[in-house]
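Shared between the two complexes below is subunit A, which pairs with subunit B and subunit C, respectively.
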Partner chain A sequence: MKWAAFGLWLAVAPVTALAYTAYVTNERDNTISVVDLDQMKTVKTLPVGQRPRGITMTKDGSQILVCASDDDTIQIIDAATLRIVGDLPSGPDPETFALHVSGNPLYVSNEDDNMITVIDIPTRKVLAQVPTGVEPEGMAVSPDGQTIVNTSETTNMAHFLDYRTRKLAAAVLVDARPRVAVFKHDGSEVWVSSELGGTVSVIDPVKHVVTHKIAFQVQGLRAEAIQPVGIRFTADDSTAFVALGPANRIAVIDTDTYKVKKLLLVGQRVWQMAFTPDQKYLLTTNGLSNDISVIDVANLDVVKSIQVGRLPWGVVVSPK
Partner chain B sequence: MKRQVLLFQAGVLLAAAAPGPRDPDWPCQQIKITHLSLAAVWSGPALDGLHGDWREDPQLSDLVQDLAQRRVPLDQAQAKIRAFAVQAGDQKATKLLLALSAVFDLLDSERSSVIDGLDRFGARQKELAATLREDTEKLRVMQADPASDAGEVNQMVQRVTWEAQVFQDRRQALSYSCEVPSKIEQRVFAIARSIQEALE
Partner chain C sequence: MIFTACPGGCHCASQHNEIDQVHCSTSQQQIARVSSRRTQFNASAWLRCLKNRCGWCCILGLMERPELMRRDPLGRRTLFVIAVGAACSGAMRPARADPAVIRVGYLRWLEMRQTISLLDKPAPDNGLAGARLAMSDNATTGRFMNQAFELVDMPVHADDTPAAAFGSLADSGVKLALSDLPAEWLLKLADQGRSEQIVLLNVAAPDDALRQEDCRNNVIHVVPSRAMLADGLAQYLVWKKWSRWVLVYGSHPDDVLLAAAYRRAAKRFGARIVQEREFKDTGGARQTDSGIVQTQQQMPVFTQGLPEYDVLVTADENDVFAGYLPFRTWDARPVAGSAGLRPVSWDPTSEAWGGTQLQDRFVRMAHRRMTPLDMQAWTACRMIGEAASRAASADPAKIMQVMENADFGVAAYKGQKLSLRNWDWQLRQPILLADGRAVVSISPQPGFLHQVTELDTLGFDRPETRCKLR
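After this line comes the complex of A and B, so read on.
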């Protein structure tokens, strides 16, 4: 009986393991594509607010949060019914946000008024507004929630803000047009991508210095086509993935040596990424080919591309 | 009042037309990339060192024409790749790589002409902006001078209005034209991907 049950488990496991749903914001269509990762296809398209970009989910997977940048709001979508059930007071022009590792609060970057708005998700109330550098762009929160990093396109800096005092602790110069900032899960490093500079700066968040700079080369491609944007670390922090924009490649980086160990051709103008919760797959949004690519993380190859709406920007995978 | 609004609009238009620092004549928001790179769309077998001329093979030539012509819808072009792959037999790999190489060159050259056209357009738009700026200034001077001839002032108002209108119309047409290089790039990528799939 026990063995029979085990056999059944084996037969069922691969199916249940894949039954995740991904949600993709389509910046030009003002929609979200709902992608069934079991069938590997878009199963539904939801109209949302104008110019949807940043997207995340609450930790319990019950709600999807979407920055509707041109509507100056963050919409809350019920993941079960796929209905818009409310909004969060995001402040003007929310482009992107970061969820605290515990699932609350939410830190929102407001490009227009040079602020970071901190929101308590359950009560939908603003906890704090923290002034930042000029035109905040990318955003990251340290695992302990005490340091907020935001990148500024105007000053080419990563600003380190102390959450408790709401004061600027340090500003670290990086290469031109910094975009995305991401902490390693262990909090030991912050990686910042520079879209025009074509590099990723690795920053020590305590000493506030750049410890390594990662450059990229794709044979046959001009340097200006290499525009790093999205960054993701595996759960064990051993491998990083960097999206290279119009180079249409994802760079796979060994985080011990800071060396690029593989380049994967995905879709056009690759922008942001998200892992499935089991870390089996990494999804990439490809803004120009209007699709997402599915990367097999263990084998480091692209196994599928799935059509979504126009100008896909962000992606999140349900933890369920 | 109306004239003030007009002057204000002209100012806004000119501000919006301010060129980027990289290439003074380039009129689009998109970063100007003069040529496509094969490496941006292809990570399969190398295309240099292929033998044969696609023009000498009638079927291959038909395929290349269909793939390179943007009026052939992409799904039809992709269906043609699949059909060609089946009938090409053991020549499949060589012929599809020749097709890819040819389509890439044709579409890249078409895209380059579009880029050149946009550059010329940008230069003309800049000239018009300079004229509009000068005429707007002249009008301001004329309006401030009590001795100005009312008929001449009126003529100048009409002229500035017309120039502003042309400027704006062109600017609206531009947003579509600036998308064309991307559209060509999308087609090249989609065709390369279909050829890659047909080779697997």
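After this line comes the complex of A and C, so read on.
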């Protein structure tokens, strides 16, 4: 088995060495799809733990971290060999996480346990567990590394955690079932999507108040079908992309005016997104159509759908 | 006995003995304040504090209310208070003023009915456990809002009078109360409570009359009505093209009302009832030692000689006969309604939309699976908690004002937020169709359209209402 994996790596490596590679967690298949973005196709499917959801890469791009929610662990995958090389003590039911900007530690939301677990990656030890709201979900670290934001789906809040003290500094009430929190690159705002509220709240991370609320309308769709989840900002913060779940669309938002300037039709039940490092493409995971859509960021156009496993949940693109 | 829970990972109520341990940093004074209002300390009551990771934790012992204890099937766990406040978050933030306390009553019907299946036998804390979990969820949020939540259990026996039940409700000073009482009791309490600004959240009575001619401005219906349940099932059967129904209903008044809901649903969604049969309840025990032989003979004969049909729809709220029909009908036909494919507000197997987390939390707390009544009570308490945090107030009037606002919605693991119909205060909600092992489908079904929300294809819509809220 090990030799087979090594052989496959040898076969794939020459092709992928220069190209970006995307890794997609397939929640239903217990696998990760490895997608070559030159060929625009899935080149390998990697079995991982049960119910893989959140996925990210270490800062140096050498390792992939995956929340295996039903195995109550975070698996470490070597990006070069695509072999599972260890795991992190995530606490029960890890769903998503965020790396500190310095590359360590890792902040994990334990959905079943109302906790944030802070993990030191080199020693694979738990540094702290911080009680938060009911069903913690989204995690974000501010660009200056001083603030960690966690959303709680049933408490309906964005909780602000201080990096140094590891204490909760504030909690901001948002609309129903907040899923994802993302800071702008300049750190001036944190955006929080409310899946059932159907809105994105723009929060001032210093004053801890909601300064804007963005609502969405899609012609021909009822308000209930518009369920914002994933959020991404372009590197210059001028444009935001918001995944609208069962509305099967990505909203493109002008961050100056908070207006939706375009809706891009993608696959079914779109949740998470990731840019390629050159920002040329944005990838979206479409849970019900078992594929990822590739958006050309400059032209705001969907250029390709790539088949992956069942119920694709999260996506990360290798920085190499 | 008084029980104080603290959220956010520092609650660990012990189920193994009579004493519920409570780990939180609530100060002794705070507990004494809460408890002295409710009950007196028994001489044998004990109180001690331990240190745990969230600070001081208190174990609060036995306090008895003998007058309630006598008929409380939960034993000494008579008075059940979840009180959590800012003190619990002491580890996280500077000390603040005492939290505002939101007290919620639970009028709990103690009559148990017989069931056909042992698996359906309700647990003594059926419903109450759902409310407990929601109050603990509320308390976690309350930590950040400086709000505390108390659940006050008020058992009601059929031998009581509605006046006595109202007396204990009024004495408690509680203004918001869940009720799992039958319709006529609910109405009497609602009418008496009006002058005291008491609002009841109906978590058990499915009667359409309560949403129609007998509707009340101070009653919120969290439980789906019979019409909603029947419509939810009917949409699926029609979608499946099983549109020729035989309707079998029991002889109890509830069954007759449920049968009426199925007739209405058939007409609304284009199904046809080809024949109706009544199954008379002649009393006696449910299937016991040799009963299986009898039902095997009885049920085929009962369903003999029917015209061509697709599905047997049963209306049997008292669990008298419907459970015996699957696999015993004369013709090989599926059974739906009160047995087979059942329309419900919740099923212990529902995992969609994050439901797994709720199911796990519930099993951890109650050591059993979550029933529809538990879910209805959970939802009712979460509505109060959600409205309290939106209102940033513990004032019952302000909480209700937020809850009755058109923008209000509560997330309850059904894929969309649930809101109140302002013409009869019924909670809009999807209806799950479950076979006892899994969720088969969820209504509204695709293709049943509505100009406002598809959820209003279930039950009595605004143009059909006969309710005049007052």
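The working rule: the second predicted complex is superposed on the first by the 302 of 320 C-alpha atoms of A that agree within 3 Å, B and C clash if a C-alpha of one lies under 4 Å from a C-alpha of the other, contacts with A are read in each partner's own complex, and residues count from 1 in each chain.
Everything below uses one rule, namely that contacts are C-beta pairs under 8 Å (C-beta built on N, C-alpha and C of every residue); 3 or more make two chains touch, one makes a residue touch a chain.
Here the structure is a predicted model, which is why all the values come from computation and not from measurement.
Enquirer: Consider subunit A as the common anchor and indicate whether subunit B and subunit C clash or fit when overlaid.
Expert: They clash: once the shared chain is superposed, the two partners overlap in space.
Enquirer: Looking at A:R222 after the superposition, I want to know if it touches subunit B, subunit C, both of them or none. Which is it: first, second, both, neither?
Expert: The answer is both, since A:R222 touches subunit B and subunit C.
Enquirer: For subunit A, which side has the bigger count of touched residues, subunit B or subunit C?
Expert: C
Enquirer: Name the contact category of A:L168: first (subunit B only), second (subunit C only), both, or neither.
Expert: second
Enquirer: Check the residue A:E135 against both partner chains and state whether it touches subunit B (first), subunit C (second), both, or neither.
Expert: In the superposition, A:E135 contacts subunit C only.
Enquirer: Identify the partner contact of A:N104: answer first if only subunit B is touched, second if only subunit C is, both if each is, neither if none is.
Expert: Neither: A:N104 stays clear of subunit B and subunit C.
Enquirer: Have a look at where A:S62 lands relative to subunit B and subunit C in the superposition and call it first, second, both or neither.
Expert: A:S62: touches no partner chain.
Enquirer: After superposing on chain A, check 58-66, 94-102, 166-174 or 184-192 and name the one in subunit B that bumps into subunit C.
Expert: 166-174
Enquirer: Can you give me the overlap between the subunit B contact set and the subunit C contact set on subunit A?
Expert: 222, 224
Enquirer: For the complex, which residues does subunit B have touching subunit A?
Expert: Counting only subunit B, the residues touching subunit A are 31, 33, 37-43, 182, 185-186, 189-190, 193.
Enquirer: Under the stated contact criterion, what part of subunit A meets subunit C in this complex?
Expert: 93, 111-115, 129, 131-135, 152-157, 159, 167-169, 171, 173, 176-177, 196-197, 222-224
Enquirer: Along subunit C, where are the residues that touch subunit A in the complex?
Expert: 7-10, 54, 89, 91-93, 137, 140-141, 144-145, 354, 357, 360-361, 382, 386, 389-390, 409-411, 416-417, 453-455
Enquirer: Going by the contact rule at the top, pick out the subunit A residues touching subunit B in the complex.
Expert: Subunit A reaches subunit B through residues 218-222, 224-225, 246-248, 263, 265, 267-268, 288-289, 305.
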